[in-house]
Amino acid sequence: MTDAVLQVEGLTKRFGGVLASDGISLAVPRGELHAIIGPNGAGKTTLIGQLAGEVAPDSGRIWFENLDITRLPSWRRSKLGLARSFQITSLFSDFTVLDNVALAVQAHAGHSFQFWRKAREETSLREPARAVLARLGLLGRADVLVSTLSHGEHRQIEIATALATGPRLLLLDEPMAGMGPDESARMVKTLRDLKGDLTIMLIEHDMEAVFALADRITVLVYGRIIASGTPQAIRGNEQVRQAYLGEQESADA
Amino acid sequence: MLYFIEQCLNGVQLGMLLFLLAAGLTLIFGIMDLVNLAHGSLYMIGAYFAATFAALTGSFVAGAVMALLATLVVGIAVEVIAMRRLYGRDHLDHVLGTFGLILFFNELVRLIWGPAGMTLPLPSQMLTAVEVLPGVYYPLYRLVIILSTLIVALLLYLLVMRTRIGMLIRAGASNREMVAALGINIKLLFTLVFGLGAVLAGFAGMMQAPILTVQIGMGENILIVAFVVIIIGGIGSIRGAFVAAIIVGLIDTVGRAFLPDLLRMFLSNNAASSAGPALSSMLIYMLMAAILVVRPEGLFSASSR
Amino acid sequence: MKAQFRPRDVVVAVVLAGMALLPLHAALTGNSFLMSLCTRIIILAMAAVSLNLIMGFGGMVSFGHAAYLGIGGYVVGILAKEGVDSGFLQWPLALAASALFALAVGSLSLRTRGVYFIMITLAFTQMLYYVAIGLDRYGGDDGMTIYRRSQFGGLLDLSNRTAFFYLCLALLLLTTCLIWRIVNSRFGMVIRGARSNERRMRAIGFPTYRYKLVCFVIAGTLCGLAGVLLANHTDFINPAMMHWTRSGDLIVMAVLGGMGTVLGPVLGALALLVLEEVLSGVTEYWQIIIGPIFLLVVLFARGGIDGLLGRIRA
């Protein structure tokens, strides 16, 4: 069909009276970092939910690498190479950082109907996990309990666990939420380093980060796409300015 | 045929009792997020109080009224002393805590009233049968149960849907914090809801006392069937509880009445007699299993949470 | 999970060592009451430990675990009544029946969670309870005596109380060892992760339902083994083995002993059964006391004995 890693057609989702997704269609080619922006309540999280397999769309189709995944459950999509991070940190809080990442590795390292060997001693799980942590500069925190980490570190572990599943498409739901300027800058660098290897769909409010990273941007308002194109095109788009960018732009100008 | 109609009416009557219990449980779970296993104890206490007060006053009606009040008092006491501390905790905590309460109440009843159980005789006016259909007679009291529980169901509906308190109850069910933030006395609301549940349970226990039983442990047997009703009807849905209660009541009663005979058509007399009771008791659970396969969230699952 | 010498481990070791010496005490004093009580504690501890696999580690609160005690016991009893008293036939069949029931109930109940799950497991076991009451041929409500314990040829004589005691103790140790390995294995990690955050587990690629189902079956089968032992111990089977209060007792044992550990429920079983023995000696209405005790444990001692012990620095 196409070179698009992700193709969405006519995705529609209604919650009672609210139209959260209104005929959303887009295509993300390989290696692109595609940002989704829009005001609160625009339906960004619902979109991610449908792409990840947690929310069933009322109508529309989703293709991942030319495979129709619309009806597939979330764990199957993960197995196919689609990983996501969560907007609200949701790690395994009673486990260590390494345990968390190793679990993600384990999910893609054959089956887990293995009842005797200690999982924590399996180098085939621990080593790849360490490698991912090293790539993100978190190796020093490997044996720390997740519950004791800072917020910024939590967000980074979210990315780490998503990466550990060996994905070809990353869905990132506001990875920079609640981060200070230093941490954000570090996250931007991390994401920039990931570009190219992976295709990334990024939902973010942090406009600096979005314009620094995105190859293309789609703007969502009230569940509908009002604009989609290069960062320059979006910056210059009147509708977008009015609906969303207005306040931010005047602050920078 | 007459027998069939009679059994159907009995099934509806059982269903109405189940509905009262299920409705109380649903309210308490919906508003306070509390899993109350001790609900059956309130059912039992209602029956015991009714039997005791009726014997003391010599009047069925006076005994009934006093029993309802007494059950309300016990319910409120239980809420203030024990249940309050369980709100907001893990469901496992609720299960364990209320399990302890069941043991306590069963034993307390045994201490006060003895192990033998009690009877609650019907007033003589109730001891007649009514012709519900040409040639079909049905005991008046059982009709009274059906009608009175229908009235209670209607009152409950009006309360929840048409009054300010009902509005608070519905609001509290979907967003507890918001209701509290609005300055409503949540503690009082919870106590009232629990009290309402207690009265519903006590009323059910009291109504069935003359025809079924007043004994220790009666609460748990029917409570578990009430759970089956909630599972089939959908947690959080009173309408679902009503429909499911009627279905469960019918299937259990009619099934028990006709299954042995049905089996006799296929099996030997002996086999049918031994398998009959065992299989009959499985019917409602088989229904529950079927619903779980097709629609795990129940027939009328409420939205939210 | 560093296995150093924590206070709890020391206590359990002491307890189990003490238990191992009981037959000696019985032989010396001629009084086998303690040994009999401890046999019962060991058997129920096995049941509680199996429950904790799904409850403490898997987050699946089953209020119907006593079903497997009943199934294990009834298979032995029914086969014995029908003339099959070879343990080599009875025991595997009992385990298979337990596994099958767990598979059936689990596959349905695990499609739900939370309160629903608790109620459904309770309901299915209640169903089994009523079925047992309806089994006139096998005693119905009154139950049925087993005249001959499971026979193992020359290998083992279960009617020898001492031999039976050590068999139960050995099987308890085997069960806890097995569960300990499971909990730390790949499988155990999936189960524990699913308890911690099931949504995340599915997001990273685990089909959690099938793992939870297998775990549920394992727990049911192990409890079925406890049921087999229970029937042999009491030489009797009755529907009360599957009464919902028995399921509740198992939950209490696990919570009391500490749900976060493999051995915790052993202490819980010991504590509960000893408490019951002591209280029933004091008053006929001992449940009036024990009921509120459960409530108090829930309110103030949620970590269980384990939690209390943990506060004592080694």
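The first chain written gets the first letter, and so on, giving A, B and C; residue counts start at 1 in each chain.
In the analysis below, contacts are C-beta pairs under 8 Å (C-beta built on N, C-alpha and C of every residue); 3 or more make two chains touch, one makes a residue touch a chain.
Please read all numbers here as calculations on a predicted model, not as lab measurements.
Undergrad: If you average the C-alpha positions per chain, which one ends up nearest the average over all of them?
TA: Checking distances from each chain centre to the full centroid gives C.
Undergrad: Need the most distant chain from chain B, centre defined as the mean of C-alpha atoms.
TA: The most remote chain is A.
Undergrad: Could you please state the distance in Å, as a whole number, between where the Cα atoms of chain A are centred and where those of chain C are centred?
TA: That pair's centroid distance is 44 Å.
Undergrad: Taking the mean of the CA coordinates per chain, how far is chain A from chain B in Å?
TA: Centre separation, chain A to chain B: 48 Å.
Undergrad: Using mean CA coordinates as chain centres, what's the chain B-chain C distance in Å?
TA: Chain centres of chain B and chain C, defined by C-alpha means, are spaced 31 Å apart.
Undergrad: Where on chain B does chain C make contact in their complex?
TA: Residues 29, 35, 82, 85-86, 89, 91-93, 95-97, 99-108, 110-111, 220, 224, 227-228, 230-231, 235, 274, 276-282, 285, 288-289, 292-293, 296-297 of chain B touch chain C in their complex.
Undergrad: Per the contact definition, I'd like the list of chain C residues that touch chain A in the complex.
TA: Spelled out, the residues of chain C in touch with chain A are 181-182, 184-190, 192-193, 196-197, 199-208, 211, 214.
Undergrad: Which residues of chain C touch chain B once you look at their complex with the stated criterion?
TA: 55, 61, 63, 108-109, 111-112, 114-116, 118-120, 122-124, 126-127, 130-131, 133-137, 244-245, 248, 251-252, 255, 285-288, 290-295, 297-299, 302
Undergrad: Of all residues in chain A, which touch chain C in the complex?
TA: Going through chain A, the ones touching chain C are 52, 54, 73-76, 78-79, 83-84, 86, 90-95, 99, 103-104, 106-108, 112-120, 122, 161-162, 164-165.
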